[in-house]
Amino acid sequence: MSDVGRGMLDFAAGFMPALHAATETVRAGGRLSGRRVGIALTLEPKTACLVEALASLGAEVSVLGNSYSTKSEVIAALRANRIAVFDASTDRAARDAFVDARPQLLADDGAEVVRYIHRERRDALEALVGVAEETTSGVRPLRTMAEQGVLEVACLAVNDARTKTEFDNVYGTGQSVVMAVLDATNVQLPGASVVVVGYGPVGRGIAATARALGGRVTVTEIDPVQALLAYHDGCAVEPLQQAVRHADLLITATGIAHSVTGADAELLRDGAIVAVGGMGQGEFDPALGGEVRLGDEVRAGVRAMHLSSGATAYLVADGHCANTTVGEGNPIEIMDLSLALQLRALDLLAAGDLEVGVHLLPRHIDDEVAASQLTAAGITLDVPNATQRQAARGW
Amino acid sequence: MSDVGRGMLDFAAGFMPALHAATETVRAGGRLSGRRVGIALTLEPKTACLVEALASLGAEVSVLGNSYSTKSEVIAALRANRIAVFDASTDRAARDAFVDARPQLLADDGAEVVRYIHRERRDALEALVGVAEETTSGVRPLRTMAEQGVLEVACLAVNDARTKTEFDNVYGTGQSVVMAVLDATNVQLPGASVVVVGYGPVGRGIAATARALGGRVTVTEIDPVQALLAYHDGCAVEPLQQAVRHADLLITATGIAHSVTGADAELLRDGAIVAVGGMGQGEFDPALGGEVRLGDEVRAGVRAMHLSSGATAYLVADGHCANTTVGEGNPIEIMDLSLALQLRALDLLAAGDLEVGVHLLPRHIDDEVAASQLTAAGITLDVPNATQRQAARGW
Amino acid sequence: MSDVGRGMLDFAAGFMPALHAATETVRAGGRLSGRRVGIALTLEPKTACLVEALASLGAEVSVLGNSYSTKSEVIAALRANRIAVFDASTDRAARDAFVDARPQLLADDGAEVVRYIHRERRDALEALVGVAEETTSGVRPLRTMAEQGVLEVACLAVNDARTKTEFDNVYGTGQSVVMAVLDATNVQLPGASVVVVGYGPVGRGIAATARALGGRVTVTEIDPVQALLAYHDGCAVEPLQQAVRHADLLITATGIAHSVTGADAELLRDGAIVAVGGMGQGEFDPALGGEVRLGDEVRAGVRAMHLSSGATAYLVADGHCANTTVGEGNPIEIMDLSLALQLRALDLLAAGDLEVGVHLLPRHIDDEVAASQLTAAGITLDVPNATQRQAARGW
Amino acid sequence: MSDVGRGMLDFAAGFMPALHAATETVRAGGRLSGRRVGIALTLEPKTACLVEALASLGAEVSVLGNSYSTKSEVIAALRANRIAVFDASTDRAARDAFVDARPQLLADDGAEVVRYIHRERRDALEALVGVAEETTSGVRPLRTMAEQGVLEVACLAVNDARTKTEFDNVYGTGQSVVMAVLDATNVQLPGASVVVVGYGPVGRGIAATARALGGRVTVTEIDPVQALLAYHDGCAVEPLQQAVRHADLLITATGIAHSVTGADAELLRDGAIVAVGGMGQGEFDPALGGEVRLGDEVRAGVRAMHLSSGATAYLVADGHCANTTVGEGNPIEIMDLSLALQLRALDLLAAGDLEVGVHLLPRHIDDEVAASQLTAAGITLDVPNATQRQAARGW
């Protein structure tokens, strides 16, 4: 099994020029050598490449697995390379073991580990020098913690870098969620009524992919500006309980629990398919309201939901985020950007001079990561001319 | 395993209103009851639904499997339902057993079985009343046989029905080939240089999908009108040996053997990916010309190709048609149309009054199949008004 | 004014490589020299280029103008070049003068002149050697006349050439109709509810353009296969009287009179805009049914329609085809293809050996016209290899 | 002529629900009554609606026209309504007369008037209470002035409101620039090589429109992140001097002078078309470098450029911004958003409590403007549920 994983890792590594460039930049500084680095990102071949890059830089890396989206062949490959993967019988046990390793630097996803440490494992705070956060769903609570004065560690909002937020969310998650759902179910998009719950960057990416492939897209929103964007992008905008009634495919992308409930699901038509494209933790909660009865898995990754009306709807990946469970997560090249930023962020945090709070990555790092992928694609940029340089300064 | 297959069949059946409508239409005529019907289509859940529909009509159905695209759980489900599936150790042995069953009516794919019968199993010709052919690749040789006077059976070009050729090829194969390749490799389309070899309906569908998802598409063609179409659709048009050099992803869609050879593949860049989207039989032949050396399978369905230049390219599904091997074939709703046409075609052939030759399906069958799917979607058409009815007759 | 027209003609000629190539091919045969050729196409800079090409070949050309879409500066330029343009005070007087010139070869649009000759000017039949028909709307009645045995002249269905029907209708008319409507009204497509009446090639082009620019498109149809195509292309499909109620923009594309009537228009919302994209002659007839009252022109080319409900809707170009009245017709490069085919068709008819009836252009002419535009764009095609040549013959 | 303008204004007003809603909101506060308000925006029917809204609120409005994009029928209609329009023989004379009116509140475009006042008409500073700036090109120098400590008035960056920058630039300018160019030239996009110089919001909108309509788009950039975005959006990225050589259509969108020069233009092919989509003031400067010789206007709004190579290229609108000169500017509904924001900004500035500097509009104004357009479209938003409200606060 480690051979299978090794093949996947090596294949992925061949499509990650930005991570390679970042590794060499960080290597020159030497700051990560000997540091304890914890990686709490969804474990698949691309994140495993970051893990191995860190190991190659002399860091002591430990990795947190979870029960539903971790690929066992990837774990095998990492362990064969003597890297610690915490993958216990329960998610909580795995997390505790991971925290026990006392990471100095942490790459977190959804701020799950850093919040857990602040709440229940304060013993691990002292060693913790800095946290790089990957997602919108994680940056939000970190900012709230900072505002409330309870955050005790320096954080870098990797998610907010332009090379992350304008790429990963839009091109990566949008496309891979739609593909994962189509792949799990074998239904078609042309002609389908696709309802997208939430029109943030992920929802926008999902809607754009669905529309490009022939779907008729309806968006539900609570924010007027995002709703107006959806409308201008050629989507209908409707309240959730109206949209649910005509959905062939309903995909949530809010990053917030209980965005769609069992009470909403009761309104689905026979044959409707529900999937989660955002954070995944209870974003769709079939048990909340209504009398939805979960039935058998009718295909791999597709479970029947029996509704009070007598209709049968289907749930993809038991409500976990579809692209990292049924699919393999974002495409390699998109993760190349995010993981290069992660590596640069961990390196920056390792310097130890950032204050407690939530910081943005410096702009030049964004530029360097973008430039490294352009260079690999053989692309040359223009150099600003005198007038353009002047325009940045004059008035 | 039959339970897994049963789940897949039942799930698919829920998305096939046109096949259900066609089944009831055919049942009313009673012509298929007791007839020996051979199904030589790619065996997956949707074609299995046609098989079961035929069985429900009282036909004696036998099914031909093949070695690379047949799903074993589907075979198990059919056999559990007492349907004969011929799936021997070699494709030839399976085919012989299938022909031994002396089908009176045959649904063929690529005209493979009917050509084999004309050439090597003429003993089976007497029983054969009619053949329904599914693909462009199969209608072409049947027409050639008719012109050369060697065709000895009545054939219906199901492929040429509008509800087949304007749907299956464009929406079905185009989209599912691209998705199968992305799924097998986890690479991304945005930014990729995608080379599509052949701009018939399948190539056009592949190109449209790739472009809609952010690819830069280059088409290679031998036909000037198809090339000009590609150009107007926003694709670059180049000779194959020029396009190969910058392909990130090269997909063939010609339906003709040797369309891309090892000599062409030698020009690929490091990391380029090759897949077949057309007929599959040798459409890409890495052994023809050049010194391409096939290497290990680096991921499920992805094999390394070592080039003379030292570069490594990758081949999806060992050159078999990507969507029916790595993927699950066309989406259910698209196959619903094709299979409803197949059922109507077999029923029409069963009447036994078609002359030897290649015939088109009557237009009313096309209309009825399209209308049955519209009805299931709750769509009402307008009725022609007096002027519109008159316009069809006056001048 | 002739200078303005001359500038427009010369500019257009610079973007018409296929017409230039066709002119040289025809010149070599010498068949059009001294022949009386009548051009009854919409008179704008591109068709004027065909007129001048014919004049350069030694033909005696006469041109028919009409009252609503002819550009006066183009007439001036042609007359300055000593070409006869019939542009009388009424359309009928102009047509009679045009027929009086006894054309031997006729390029017709909508079969208007050839039908008029058969019905009311049979004196002009004797001189008439052949007719090249430009549009779907014209080929339809010609075929009806042939079936009814009343057609008395050889016709070439230029419209049915692949280089015409797969290009002009789709890329040309679709895009130019949408642009003409947006230009006349200055309203936006993103977010608009666009209703397209009829999903033939023109309607499909309009729908695709509207959807690509952010519109939500609803199609009304009477044909189930076309309706199912619209559905797969991401459009809603509804009966006309339902769709009219939510249209921001309603565009007809049927080529048949009375497709939308005053009774339908009465259902429009306040601010809705109606335009005709097909044949134009009464395709939308506000006087038929209902009590629609036509009001003032509120902007150039936009007239108010006062509805019984008290709402005000707007009509573009008084119901004439929007792209040839408010706009300048199809783009130059698209017309280049159609007009090159027209020239080749007139040359073929001039040979005088075609029987009475409606004929297709030979395939090689299609290929040559497409190839001439590819050549001008610097595009090289692949040459079929041995297997590909064999595939056309073997089985 | 004032009747023509009146028709255009009234037609436009019917498509501007957000401006109407903002007018009523502002009316309730009464702050603009009796104030001297100067409007220095491009004068066309939509901005004229803002002018009339201000007049209806009791403001003393004066309007600045310019020599190349002002519509004379709009001036006539405003003057018939007793509104002062400064439209002198030279742009400078008009500007001086406009400043002489001593506006207290100013809606500026490109910060042209406010910079002029700071530099040359400091006598007008005392009366000036606040400035609302419409464009990216204007916010940039205002921020520079603030940083350098030379700004002496409170400014609101209307441009930076989400309802402006994510709409006007993307949907409005992008689409209207492309349409204006196609309309001026009658060439086609399908198959064209379109080069977009600069991939900010405007360039991105232009590229998206061009690609959606069948163009092959190449982007030139100096910023690596924007270049990588272009690449992911399916555009090629090349240095300017490489891209110019294959452009059929070259459109600048930088907002910075000298972005394309005569030296670059010398590399154009015969028949290439150049247009400006950004700020317009010398963004393309044919006189800088090279020996480009400007020739005759060959069509309305299209001038020949004779290159040293002997080739002839064409310049649209003499290098002024294409959509506001050849076309009628952004669509009405898009301007409805921007102008509603302008009105709200002028009202906020009128309160007189903003400090000197460049401020953002408060978020609630953005939300209200977006909501007013949604309401007019009959769209209802969802209300956040308990978990969603909690998510904004908890961690």
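Order of writing sets the chain letters: A, B, C and D. Residues in each chain are counted from 1.
The working rule: a residue touches a chain if its C-beta (ideal position, glycine included) is under 8 Å from a C-beta of that chain, and two chains touch if they have at least 3 such contacts.
Model, not experiment: these values are computed from the prediction.
K.L.:
Report the chain pair from B-D, A-D or A-C that duplicates the B-C interface, where duplication means over half of the contact pairs agree by residue number.
P.N.:
A-D
K.L.:
Between chain pairs A-B and A-D, which one is joined by a greater number of C-beta pairs in contact?
P.N.:
A-D
K.L.:
Cα centroid separation between chain B and chain D, in whole Å?
P.N.:
Centres of chain B and chain D (C-alpha means) sit 51 Å apart.
K.L.:
If you average the CA atoms of chain A and of chain D, how many Å lie between those two points?
P.N.:
Centre separation, chain A to chain D: 36 Å.
K.L.:
Spell out, as numbers or ranges, the residues of chain A touching 2 or more other chains.
P.N.:
Those would be 171, 190-191, 214, 231-232, 377.
K.L.:
Enumerate the contact residues on chain C facing chain A in the complex.
P.N.:
190-191, 211, 214-216, 231-236
K.L.:
Please name which positions on chain B make contact with chain C in the complex.
P.N.:
111, 115, 140-142, 144-145, 148, 150, 162-163, 166-167, 171, 220-225, 227-229, 231-232, 237-240, 254, 256-259, 366-368, 370-371, 373-374, 377, 379-388, 391, 393-395
K.L.:
Using the touch definition up top, name the residues of chain A that touch chain B in the complex.
P.N.:
Contacts found on chain A: 7-8, 10-12, 14-15, 45, 171-172, 175, 179, 182-183, 185-191, 209, 212-214, 270-271, 296-299, 302, 312, 314, 327-329, 331-334, 377.
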